[in-house]
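My questions will all concern the structure given below.
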Amino acid sequence: MLDRIDTSLAALIARRVPGYSLEAPFYTSEEVFAADMEAVFETTWLFVGVEPDVPEPGDVMTVDIGRNSILIVRDDDMNVRAYHNVCRHRGARLVLEEKATVGNLVCRYHSWTYNLDGDLIHAEHMGEGFDRSCHGLKPVHIRSLEGLIFICLADEPPADFDAMADVMGPYLAPHNLRDTRIAYQHDLIEPGNWKLTMENNRECYHCGANHPELTVPLFAYGFGFAPEELDEVERAQAERYGCMVNDSHGEWEAAGVPSACVEHLDDMVTGYRTERLPLDGAGESHTMDTKAACRKRLGTMPSDKMGALHFWTQPNSWHHFMGDHAVVFSVIPLDAHRSLLRTKWLVHKDAVEGVDYDLDNLIGVWMATNQQDSDLVGYCQQGAMSAAYQPGPYSPHTEMLVEKFCNWYIQRMKAHFTPGRAGVDAPRAA
Amino acid sequence: MLDRIDTSLAALIARRVPGYSLEAPFYTSEEVFAADMEAVFETTWLFVGVEPDVPEPGDVMTVDIGRNSILIVRDDDMNVRAYHNVCRHRGARLVLEEKATVGNLVCRYHSWTYNLDGDLIHAEHMGEGFDRSCHGLKPVHIRSLEGLIFICLADEPPADFDAMADVMGPYLAPHNLRDTRIAYQHDLIEPGNWKLTMENNRECYHCGANHPELTVPLFAYGFGFAPEELDEVERAQAERYGCMVNDSHGEWEAAGVPSACVEHLDDMVTGYRTERLPLDGAGESHTMDTKAACRKRLGTMPSDKMGALHFWTQPNSWHHFMGDHAVVFSVIPLDAHRSLLRTKWLVHKDAVEGVDYDLDNLIGVWMATNQQDSDLVGYCQQGAMSAAYQPGPYSPHTEMLVEKFCNWYIQRMKAHFTPGRAGVDAPRAA
Amino acid sequence: MLDRIDTSLAALIARRVPGYSLEAPFYTSEEVFAADMEAVFETTWLFVGVEPDVPEPGDVMTVDIGRNSILIVRDDDMNVRAYHNVCRHRGARLVLEEKATVGNLVCRYHSWTYNLDGDLIHAEHMGEGFDRSCHGLKPVHIRSLEGLIFICLADEPPADFDAMADVMGPYLAPHNLRDTRIAYQHDLIEPGNWKLTMENNRECYHCGANHPELTVPLFAYGFGFAPEELDEVERAQAERYGCMVNDSHGEWEAAGVPSACVEHLDDMVTGYRTERLPLDGAGESHTMDTKAACRKRLGTMPSDKMGALHFWTQPNSWHHFMGDHAVVFSVIPLDAHRSLLRTKWLVHKDAVEGVDYDLDNLIGVWMATNQQDSDLVGYCQQGAMSAAYQPGPYSPHTEMLVEKFCNWYIQRMKAHFTPGRAGVDAPRAA
């Protein structure tokens, strides 16, 4: 079957039909996965963590992106720096743990020692001709956007990160993430391709039927609907929601807290979208009672009732910033069929568990929602394996941002695998 | 080693020596496995279950054939129908369980809803240009042969199913499978290629040394022997068995129960073989005491002592129908190295466990035999991995039907991968 | 990235830079792994066990080398013989256990029976034209070097085994391994490529920081150091050690026990190295108190204080022979990412556990050391996966023998995959 049609990556990319989900090999082929890692995850800015992951000098966090292990360390001048986590001698992994605190970076194998600037400062028995200065750690590009850490594995990272940072800075600053700490982290391995995880995140068409907890604070109306299909009750609700957005934005912006929608999901290499959205009920937080989960308010937020700032980045993150806490999500592809979803809940650094917040209440909505989404991603992955799978139509009302994700992805693939560059015809999805 | 000889699929097929087992890549190569799935399992009729799997309207059974998931549902008019188990929207698997009962088929993801005829009857937010009639479930060919369910994934299934059905109908009808229920189902993952599982089933040369339970009711003589090797005692036994077959067939046919051997294992696409064989001892059933395991007799069977009707189909099933119960077996390839053997024991639908039959007694012989066969298949799979493996000779007296299985298989591969068709040279076994 | 450079095996081999570790695909690519198995493990002499593994007639040991299973049996004339562990009928594995005792070799499947000379002596139902003499077991080359068993899977094994045997015989004879028994065997699956396991074994640069137990008896100085880096205390120690080697060799050789270094690690196909090295402290054995672990001395060893005879062979073994016990190690590649390290501790055949030796004391040093080495191998395997990995420089003072291992390996690959031979361009590491 499959071998009767052209499944070269070039053909798959060229054949993509706008408005429809991708062809199956994009979700199931390890060859396409390898191409994704090269064309997307080794070229663009990736969200990998937050400054509170490494609060003190010598604190190290490691993160694995495909075959690469990266270590992120706070140096003695309080800068965050990133290096490839590979000794320059025999190639041993330097830091094995996800989190550690070090003086220098010492390889366990033969004790080669690097300082936090990445310089090789000690290596025994190497003889007189050996030049330590040629054997420092290989650096990785790193940027902190108001405490959100992005890295880029490319030699030359996309320049438009600055344009995103200029816009997003004022949105994020009032939450002051550098003054938070991680109350909880949860790693979930979803049984599907990373693109299915991302597509799932980019629409709320599925929320009503699948997310009983999330839809307590969140209005599904905020993510689109077919107006002609609403009955009278629904129309009234949708109108109420529309007014609420209008009123809230006016109020919040007047209080100096940017809230308007900015969307560059498929017209920038560093694609992103943001909007501050009102919440239902008490309107304070992503909790089951829609009230603040934490008593200590974040940063300079003027009130508890600030809704939730949504921030989405291509290819691998989304975030919700409320008055009392924030939740940040990163997606790390593991193979064509599995993806790591890493979720971190941030509270004010002085907030005390059991006093200022109840942990179960803080994390309850998203722990439930993540698992529900993971199941849905798995059903799609299973479906995409079938010979009977064919791309289906996206809803023009509720899946426009899924479409934009696919557009962005196809653009990245085209940009990387253009004719004339080596490798364009090499990968074959089967 | 291997790379010094031509291991293209075309070469392997062309090189097959009649009377000998297949070359190693037929058992060990994932590339040949993929070719098997395409050339055999996506083109021929496959046995997948029985009507009692879905006795009532809305009952659904799912079965996975390689990368395909198929759902078999009984509709409101009591017909059994089969569809690809894939939503036409985002491709999610529709029914996750092996068995379920539904009103309509509703996708969990965005609530797209199909009726039991496969029509899409509900899909929200799709806008005004959307045509539901183009997005029904994809049908799969399905046939019930007196309650035995066969499906075919090809667009045009082999036409000779009817010829088999015409012959087999009268053999099967007296057992009235539609009036049975499944007393027990057992799934066993055998550690070998599906062809080794089938080859193992197609001879009883190994029975004496490996199946102490099965050879209580079953005569190994019924499956061939080298006459010149028998000693006096064995010769007397073989003669007794020969007479028994003659007498029983005369008696059973006179009672209106077809019993003669019909064999089309390698001269039809829908290859099959049948014969009603006498049993040892009480002669009633595949049990350790050779007596009926269930008090309620099946269908219109005139007596308890009806031996066992054997029915074998290519590529993936065999069955034993006795007066009191039936055992049906399907083989579903999982990968080059693993195969699912699914066994179902059927009793009269009114038979009550603990009253009319003892479950352990009903299933004991085949539970033991299946495990013994699975071990043997595993030893062969391990052997086929070795560089020292080379095709060995089949016994002309006891392995003729193994040879016919291989003939049939090679014919199917040739028919699918003929020169001039795309793909013939593509697969390479390594 | 990778697809921009030539990763064909021929290019990788040609590009190897002396003095540096290998390029990543040599450690991570399954294609290179398959080439290793063909070019190295199916062509050279491999250490697989000791005569005490099969002490009595009919004793069988099986060992798996890649896809091949080999059975080693002691015949009735006390010879050790080796065969492919594959029945010539349907290819079933004959002996399933690692150790067994048999009269004849009987296949479980259809009872084909071979005597210990490999002749097929029984096969039922095969008809009159069948020639048993064409269906004997396939032999494998086997040699015992003073009780150390080596096999070779090639049709024509390397002839220089004899040259090694001529040299090594006198070194090994005083330990009389044929008169020992296996006190303990331990199988450890190391999470790395077999070459990383071998490289780790070929230097002691890592011993100081990683092997607190091993460095009690063993002098790291014996494996090289940069003289200009020693401080005064270290220099004194190194000098003490140098004198000790000189004195011991004189003493031992005078007692008729060969001790001098012989090294042919990269100038023979059957590459090896040996030297008898003094031990620290009591100088008797590889134990935590450096004293003999076993009261019964081996063979004709003249004293307890005989140091440790080191014997290393390419591609897959190393050994330590002391006055009271011996430890033999074999490495068997499992896949590109995993290797089996099999360790056997040998004591005099009359030694009684709990009386003549304490098992924990006997095996303690190497049980700890093996696990530490396994961890180090794993860190390197993880590092080699990274896009940032690049070959690093070997220490000219402490990693010369790692360099010789790589030289030998690259020579073997070149010899096997020379232009003009089929297959040289085929493997592609990705």
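A, B and C label the chains in the order they appear, each numbered from 1.
To be clear about the criterion, a residue touches a chain if its C-beta (ideal position, glycine included) is under 8 Å from a C-beta of that chain, and two chains touch if they have at least 3 such contacts.
Nothing here was measured: the structure is a model prediction, and the numbers come from that model.
Under the stated contact rule, the graph of chain-to-chain touches is complete, every pair of chains being in contact.
Superposition angle, subunit A onto subunit B, using Cα atoms only: 120 degrees, a multiple of 5 between 0 and 180.
Judged by shared residue numbers over all numbers used at their interface, subunit A and subunit C contact each other through mostly different positions, with under half in common. The distance from the centre of subunit A to the centre of subunit C, with each centre set as the mean of the Cα atoms, comes to 47 Å. Annotation for subunit C: no residues touch two or more other chains.
Contacts from subunit B toward subunit A in the complex involve residues 38, 42, 67-69, 84-93, 96, 108-111, 124-128, 130, 135, 138, 153, 422-423, 426. Note for the complex: subunit C touches subunit A at residues 1, 3-4, 21, 24, 199, 205-206, 209-210, 224-226, 228-229, 376, 379-380, 382-393, 395-398, 430.
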